[in-house]
Amino acid sequence: MTMDLSFSAEHLAFRREVREWIPGALPPHLAQKAKTGQGFSMDEVMEWHKILHRRGWVAPHWPTQYGGPGFDATRRFILSEELELAGAPTLSPFGLSMVGPLLMQFGNEAQKARFLPTILTGEEVWCQGYSEPNAGSDLASLMVRAEDDGAGNFIVNGQKTWTTYAQYADWIFCLVRTRIGEKKQQGISFLLIDMKTPGVSVRPNLTIGGTHAFCDTFFENAVVPQENVVGPLHGGWTVAKALLGHERTLIAAVGTSRRALAGVKALCRSVHTPSGALLDDPLMRAKIARLDVRLQALQMANYRALAGAELGRAPGPESSILKLVGSEILQQCFELAMEAIGHNGLSWFNEGVVPDEQQGIPSSFCYLRATTIYGGSNEIQKNIIAKWILGLPA
Amino acid sequence: MHFELSEEQRMLRQTVSNFVRKDSPVERFRKLRDGELGYDRGVWRKMAELGWLALPFAESIGGLGFPFVDVGLLLEQFGTTLVAEPYLASVVLAGKAIELAGTPEQAERWLAPMIAGETTLALAYQEAESGHAPERCDCVATRTADGFRLHGQKRWVLNGHAADWLVVSARLGGEIALFVVDPAASGVSRRSVQMIDFRRAAMLDLDNVVVAADQHLPAEDAAAVLEHVYDYGAAAAIAEGVGLMDAVLRMTVEYLKTREQFGQKIGAFQVLQHRAVEMFVECELTRSASIRALIRADDDPLLRRTAVSAAKAQLARGARWVTQQAIQLHGGIGITDEADVGLYLKRAVVLNTLFGDEDYHLVRFASLPTFAAERPDQPV
Amino acid sequence: MHFELSEEQRMLRQTVSNFVRKDSPVERFRKLRDGELGYDRGVWRKMAELGWLALPFAESIGGLGFPFVDVGLLLEQFGTTLVAEPYLASVVLAGKAIELAGTPEQAERWLAPMIAGETTLALAYQEAESGHAPERCDCVATRTADGFRLHGQKRWVLNGHAADWLVVSARLGGEIALFVVDPAASGVSRRSVQMIDFRRAAMLDLDNVVVAADQHLPAEDAAAVLEHVYDYGAAAAIAEGVGLMDAVLRMTVEYLKTREQFGQKIGAFQVLQHRAVEMFVECELTRSASIRALIRADDDPLLRRTAVSAAKAQLARGARWVTQQAIQLHGGIGITDEADVGLYLKRAVVLNTLFGDEDYHLVRFASLPTFAAERPDQPV
Amino acid sequence: MTMDLSFSAEHLAFRREVREWIPGALPPHLAQKAKTGQGFSMDEVMEWHKILHRRGWVAPHWPTQYGGPGFDATRRFILSEELELAGAPTLSPFGLSMVGPLLMQFGNEAQKARFLPTILTGEEVWCQGYSEPNAGSDLASLMVRAEDDGAGNFIVNGQKTWTTYAQYADWIFCLVRTRIGEKKQQGISFLLIDMKTPGVSVRPNLTIGGTHAFCDTFFENAVVPQENVVGPLHGGWTVAKALLGHERTLIAAVGTSRRALAGVKALCRSVHTPSGALLDDPLMRAKIARLDVRLQALQMANYRALAGAELGRAPGPESSILKLVGSEILQQCFELAMEAIGHNGLSWFNEGVVPDEQQGIPSSFCYLRATTIYGGSNEIQKNIIAKWILGLPA
């Protein structure tokens, strides 16, 4: 078998199937937003979640026993890439990609039976409660306390930050401190909390992009049944860490960047300079080409990771750079978009002032500064690569 | 070779610095930002009382006759706390256009009230197809029996949503000409839009607007005036940008010194230290380039263009890098609207977009005879 | 989507890897570098015995018929220890040119002895005014009664100082044509020059050199052959560059783990750690781009050009960064001739200069229909 | 007095004087090398040293009492800039700028009388013995030992590296360890050693640029009179540190970079592409402009530092970036030069193969990688700025 850059006939057929399905499946109001690159509301995201669920594609990475479609790594990749390329709403990862897989690995049967089905259907929305005001990159310093009330419950107190979309969530999965005074990674438990619990309150915050994505979530003597602990009591750190290994090969967001870069090219074709289309301006053209070349290299790194995963390999060194490079490239796509639209990039949520397809760019440009920060900042990623891949001394 | 502030300049800077720290911290900007005006007319009048609105105008027309460097001193301070009042739009752009292109009578009519803080002005030069070149102007002026008629559209008119008078560029017989237009005149419509930095501008439609003969600013070479004013705008943006970068560096270093993670101040991590140093380097380079641009802003066109384009290109690179890295070093908090650092990022976008972006100035810089000169020792 | 090596490929890589580690470490290169030849004809014959010189040629002409990926595997290993033998010049450039443009008889005459390790070849395409575009060719061929006459100059002919036969591009009636020239023929003069990486090339003067009719390689479209061979050269340089970058990263990480300053391994300094990670990132990206370029090197021209230009541009950026930072991290020792890292920097300069520099490939990449395509999901 | 970007009439007159003097003073064989940017031999450097000395300009920063011309900071700057712009040989700094000023500050009268005059005339050439194989950035770890022989001498043993041009030197100033077992900055002495002392040997090494600049200098029981210690015995660290403050405003090498960049423009004017001169290629032109803009900003920073020095101010924050940025810019000038000359940049010391003015570029390109390493690597510079200017915690 020689090296091959094409997908198998089977996989190409699957790609066609997905590609042909999306336009009919995406409701017109979502299709319009996809076309112009505007953000989707949570309602719209969940609407799309349910459409994908009806098609059986909402959780391509879930095993069939839990309702997944039993896809191989390449099918999962193709589905995800096609959805990114179509600009379809990005599903909330907290249920499907985070707490779901953790429940499969660490949950007991009752927990799995209770929570997995509604994650799949989208009947219950989840959010994540990890970070705190003084525990960001240094997550193990977290302080939210869950004290045993002697009656089978924890009494939870404290504050979580960056609980993205907590205002829409039915449940939150949290890391809480159940025992104090030990090594800081110890005594942490992984706890599921119903957002309707008395004492739980949410304050949505504006982001730099002008949207309400982040929330602070406060716990004031919230009573949570101890049966909601996932995995070993006091052993939540292990549970949380397991998540870091999940789905590493998909986080390069190559499809999103490719769509964004194609968008930049389209913009530059439509913007006129005295000497012709902006796309023909040598400096702009070279900037786009430079970024495209890098993105295509990243795409190949992603394919290599994918081909390895398909053969059941542990992720190779090429996987470790995916998030690091992918996050920077996506930011650069929007920097170029801002440069391309010039003065129109000054517009902040004004209806009808700039062409529809330019409307969302300034907000995205701002908000995407987050991509190099969340999920382990790029500085943390580099620390990890230095230590675990290059073997440099601590 | 002399860059010391005079006693007068030191006093000016001190007064402005006191103002921004005590009377106009970023919180004031936050309060104003979602209002319909976006700034405070009372503060504008206060600025007039302090003489600030008179700084760069000739004494003969009621100004203080200060060099443009002094405007830079003031705007640099304004940049540190994102002062919202339309100094750049009203004093630097429209004001200097009226001074340079108008008659003493016209200055008396439109500049004097502005200097007194009773009015604000705006300069409408940008159009949908202008790109970064103000001479790309499709708005048309035609002569009538007793004046002119203006027709066309202007975009992103800074302070255009509120200005009492609008200075408008238009082609009169193919040449650029400048007119002062009453926004209440028939045929004028303007839409107020919020900009990314939360200040406001107007989208302006001129539908055969009648203007009187004495509303034409009769400069011999209005295109040269417009270009000079555009460079004044660039130099002003550079000065404001220096203040902005400085503030961002300071707040980031402060954050590094206080925020703890992994049991230590994050400012002890060498990677973050060096990042902060790289921010500092850009601040110092931009400040250096800015001093030259401010001094040359009043100077002969070739030296002015060279200095302004060099500094604006440096600002673009520097302000982009500094604000983006400031957010990165602030981590998650930097992504919230609550953190000031994001406001500075957005203001930096505005400063980098207005008056020519990085590539525009690089290309202009490289097209000047100073670039091609054989001897490497031309005057700076 | 399949990037696993076949059993055969794994064996090839293993053999080459053993060779470079045991028989051709950098010390061998150091010994050879100031000699008049710059490499070892005995080793060349050894390579022939191992079948390496036959890799990319059709079985019908005595080759092994391996895909170009296999040449890449070999050159990547060669890059790790700067192997000096003219594989790229003789096998990839001149060899493929003869295969693609020549008749079976011509292959028998010139390729067979080279595959057997008895001769080496060179391809003379570069001229003083070619820049990075081999189709910029002023060398002229004119028809004579029983053959041709060649006139012109060629520059930087890799292995041209030693090759037994030279494949020369020239314009025949305005079109590119390829000829095989005997360097001993009357009118041929060549000067051997040392390159920055200590390998040698020739400056070639052709003064009305007589060549027989059967020394003309009668390809229908010799320009297309030349372009394809140039892309083969680029893909080969990319593969060699990946090996080079990898070796540089390894030796730098090793240095960081052993060198002590301020009472600790310098690899414990976070700034140096992150620098090493950024080098690692470039290595992985370049390796990824390289795999695509090697696979596409045998493919249809559009996919080939896209993949090769993308990878060559990535190599330029990556190899430059990695070698420069490697020297920086080595500190003072990195500036000495004694340190191997400088040899790699110089080889990187050569690889980045030959077969199109960064801007050449960016411009070519951006001129291809794949760049302008509306859909972002074209084949890679 | 308003801000002013011009030099005073007096200073302009001085600039004219220097500029008019150089062409007549520079011997033809040096002028030819200056024109084509080739390196100068040590003999040529010393030839130029003596010419400058006869003119009274060899040590513009030396006080009149020691034979300096009594120049103000601006005159010193102008002289240095004009010499850089003319491409005149760079004088060896070890005597004039390093040991000379240290002798003035720390030497006794006998030492001053013995050494300063011959530094000025160029009769004696100096080199520097600081670094050792295991003491580079971490200089205080140095190991060369000087042991008291009880008879008024030190017995010196060990190895110094990067003793640039030691093969031409009459004297070396060294940091040596005179007392062992203390805090590593203590017990170091600043010692002057005659290179003709038995037991001193020099091994010149090739640099990455193909020239013999660096040497290893070995000491094997070299007997050195104790009167050759400068400053307090065991207190050499203080002496060495004082040097770091000297002449900081000149190390941006703006003149050298301006000359190099003008050279790049001239090259690009002479290289032809199908669409005209390379200087008119938009991508190359933009790269040059980007670098030029940065260099001009650095030049202004240098002027600010200079104007401050003229007023007797301590160096401001702008001085701290001069070496950091100047070293990177100079490297980038030669990267562009290499790109501009394309294949001709492949030539390694071949006579007559490429145009004269391109001949030295590949070697300089390689050797200038040193500018971000020597004199305190740029990483060390950043550590210093982080600590002393930004006040970040250790």
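Note that the chains take the letters A, B, C and D in the order they are written out, and that residue 1 is the start of every chain.
Operating definition for what follows: contacts are C-beta pairs under 8 Å (C-beta built on N, C-alpha and C of every residue); 3 or more make two chains touch, one makes a residue touch a chain.
Predicted model only: the values in this text are computed from it and were never measured.
**Q** A-B versus B-C: which interface comes out with more C-beta contact pairs?
**A** Taking the two pairs in turn, the one with more contacts turns out to be A-B.
**Q** For chain A, which other chain has the most distant CA centre?
**A** Of all the other chains, the one whose centre lies farthest from chain A is D.
**Q** Starting from the mean Cα coordinates of chain B and chain C, work out the distance between those two points in Å.
**A** Once rounded, the distance between the two centres reads 53 Å.
**Q** Taking each chain's centre as the mean of its CA atoms, how far is chain B from chain D in angstrom?
**A** So the centroids are 42 Å from each other.
**Q** Which residues belonging to chain D are in contact with no fewer than two other chains?
**A** In chain D, residues 283, 286, 379, 382 touch at least two other chains, as defined above.
**Q** Residues of chain B that touch two or more other chains: which are they?
**A** 269-271, 274, 359, 362-363
**Q** Residue numbers of chain D touching chain B in their complex, please.
**A** So the residues of chain D touching chain B come out as 1-8, 11, 74, 81-82, 85, 255, 258-259, 261-262, 265-266, 279, 285-286, 288-290, 292-294, 296-301, 303-304, 306-307, 310-311, 317-318, 321, 324-325, 379, 382-383, 385-386, 389-394.
**Q** Touching residues of chain D toward chain C in the complex: what are they?
**A** Against chain C, the touching part of chain D is residues 131, 134, 136-138, 141, 161-162, 205-208, 210, 214, 272-274, 283-284, 335, 338-339, 342-343, 345-350, 353, 362, 365-367, 369-370, 372-374, 377-379, 382.
**Q** Which bits of chain B are touching chain A when the two form their complex?
**A** That would be residues 126, 129-133, 136, 155-156, 191, 193-198, 201, 203, 260-263, 269, 271-272, 320, 324, 327-328, 331-332, 334-339, 342, 345-346, 349-350, 353-354, 357, 359, 362-363 of chain B.
**Q** Give the list of chain D residues in touch with chain A in this complex.
**A** Counting only chain D, the residues touching chain A are 282-283, 286.
**Q** Can you check the complex and tell me which residues of chain C touch chain B?
**A** The contact residues of chain C facing chain B are 269-271, 274.
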